[in-house]
C-alpha cells in the first residue's frame, strides 16, 4: 500500500508535539518528563550513590543502571502486567548503552548512578522518549556529561522515509521499518540504533540523516527544560 | 527517645510541625483526572510534594465461582524507585503489598462499585476492573494519596465498547462505572501524646503507632493499624473522629470527574 | 585568537559551547574539544580572566580533604564508627581520631557516638578509591544533640555560609538559632521551633534564589519581616569561618 500522506497529517520530517520538563520528582537527585505526541516518559536519577552488592562495583569508575518500565495502565490495549519482561530488560540495556558514551563516571569509583524510567502513557517511540527524559534527568542531577543525548524513531512506511512513527504507522499494512535512533548532540554520533521491519540500505541512511536533522528540535526542548527550571525558581513566588 | 522524635515532639508541644503546619492541617491537595489517555480511567493526586498516579484497566472475564453475578476488582500498587531513594526495583515488597491491600479493602468493603451491574452474563461474563497505583514522589503519606487517586481514577472511568467478547480499547462509551460511595482513607499518626495527619517523611520515621481509617457516609469501611507501638481505646476513638472529620474535607476535592 | 560565546552567570547545559580558540583555559565543569571549550555540567558560567569554569547548580557532594561535614553514625564497631557522609561514600572515624580523651580498648564506643547520632567532623583523608577518614578532634568538632538536621543542595553551601560567614551569621542573629553548616549539604539548626522554621525558610530561599542577584538584601528583608526584628549587617566574627558555632 502506498503512503502518500501521513495518517495524522504531519509532514514526513515532522515529529509529534514535544513537551519537556526538568525537576518534576523532588525526592530524586535529577528528574524529567518528556512527551512526544501521546507517549509520555518520566525519568528519575539517583546518584552517584552506594552500590550493593559489592561484586557489581567497578573500582575504576562508577556504573550506570537503567530500569525501564511501562505503567500497567499505559498501553492502548490490555493492562500491562507489572514486572520486568524480556522486552523491558532489553530496552533498559540499550538505553544504558545509549547514554554511556557521554557520561563521565571516573570521579565515582565503586558507585552507581541509577536511572529509572517509567511511562504512564504510550503511543510508540517509548524507548526514545525514555532516553530523552533520562538525558535531561542526568543533567538535572549534576552528573558530569560531555553532551546531551536525544532519541527519536525514524524509518519508512512504504517508499516514504519519515521520522517519529506513531502506533498506527508502526502497524501499517505494508512495508514498514521502525528504527529507534539516539544521537549525541554536537557530534551527531549515534549511540542507539535498532531496526524492526524491512528497509533498504539507501532508505536507512536517508532515515538516519533525517533523524539527526530532526533531533535538533528535541535538543532545543531538552535545553529549554533544564534552563527553565532555574529561571522559574526564585524571583516572585 | 531518639533525637528525631524528641525534635518532632518539641514542635508539636507548640502545635508546630517541621513544615510549619498545625497537627491537623493537610498539605495542598491537587486532583487531576485523565492523566493517562490510554487508561479507561486515571488520575493524579498530590498532597504537597507527594504525588501518585492511579489508572484503571478493564477486561472481560469469568466471575468468581462464589460470586457468579458480580464483576471483579483487583488493586495493585507499585512503590516506584523513581519516587524515593528507599524503594528498589523488584517484585512488590511488603510495604507495597500492604498499601495495595488497604486501598483495596477501602474500596471493596465500602461497596464503592455496584459489582452486580458489572455482570453481563451470570456465571460466564463480567467486567474485571484493575486499579493500579504508581507512586511518583514520596514526601510522606503515600497511603492516603494512593487511596484518593484510586477513587478519583474510578470516577474518571468510562466503560469501553464491547463487541461480542472483545473489548474495543480506545473506544470508550459514555457510560461511567456504577459508583455508589466515595470512601476516603485518612491515616492518623501518634507521636508521644500527639496526633497528626498527612505525615511528612520524617514524621513517618518517628511515630509510635498509626491508624488508617477509611470512611464513607459516617461508616467506617476499613481500618489498618501500623507501627511498632500500641494504642489505647481512647486513642482509637480520637483517631477515628479525626479520620472522619478530615475525610469530609478531603472529599470536597473530588468534585467532578474529568 | 579566541572568543567567549557566553556571559558570566549564564545557565548552560552539558555540551554547550562556551568559548572558541586556544586563548582560554577550561577549568571545573568544562572540557576542551579541539578548539572549543564546552560545558560538562549543568550550571552557571564563571569567567575569571582567561579561566572558564562552571558553578554547578546540582550534583551530590564529592568528599574532599579538609572539608567540615555533618555526618550520621551508621555503624559502631570495636575500633571506630562508620559515618554516612550524605554522598556515595561512607567514611571511617577511628577511635584515636574521635576525642582527646583516652579510650580504653574494648570499651563500649556507643557512649561516645551512638547509632543515628549526628557529628560535626573534618575529613582528614580521601583516597583515590574514595575511602574517607574523619576526625572529631578539633575546634568546633563534636557530637550534635537535639536540633533539626536538614539537607540542602551541596552546591549552595557557599551561598548559605556567605562571605566570611556573613549570611549564616545574619540568620543566626535574626532567629537566635544555633546553626552548623556542613560542606556536604547537611545543616544542623537548634532553637525555638518557630525560629527554627524561619531559619529553615531563609535557607530554602537562598537555595532557590542563589543564582539571582540581590540575594543578601532579599534574605535580610525576609528575616526582618518574619522575625519583626531589625538586622544590622555586620561581618562575622573570627572563628565563625565555616559556620561552626
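The chains carry the letters A, B and C, assigned in the order they are written, with residues numbered from 1 in each.
Keep in mind that, in the parts below, a residue touches a chain if its C-beta (ideal position, glycine included) is under 8 Å from a C-beta of that chain, and two chains touch if they have at least 3 such contacts.
These numbers were taken from a predicted model, which means no experiment stands behind them.
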Seminar exercise, completed: Hypothetically without chain A, remaining chains sort into one piece
Problem set entry | Interface with more contacting C-beta pairs, comparing A-C to B-C | A-C
For this session: Would you kindly tell me how far, in whole Å, the mean C-alpha position of chain C lies from that of chain A?
Result: 34
For this session: Please work out the Cα centroid separation of chain B and chain C, and write it as a whole number of Å.
Result: 39
For this session: Name the residues of chain C that each touch 2 or more other chains.
Result: none
Seminar exercise, completed: So chain A residues touching two or more other chains come to 49
Exercise. What residues of chain B sit close enough to touch chain C in their complex?
Worked result: 2-4, 6-7, 10-11, 14, 16, 18, 20
For this session: Would you mind writing out the residues of chain C in touch with chain B in their complex?
Result: 116-118, 145-148, 193-194, 196-197, 201
Seminar exercise, completed: Listed in rising order, chain B residues that touch chain A in their complex are 35-39, 42, 49, 51, 53, 55-57, 59, 76, 78, 80-85, 89, 91, 130, 132, 134, 136-139, 167, 169-170
For this session: Could you pull out which chain A residues touch chain B in their complex?
Result: 25-28, 31, 38, 40, 42-44, 46, 49, 67, 71-79, 82-84, 114, 116, 118, 120-123
Exercise. Any idea which chain C residues touch chain A in the complex?
Worked result: 11, 13-17, 29, 31, 33, 38, 40-43, 56-60, 62, 87-90, 128-130, 155, 208-212
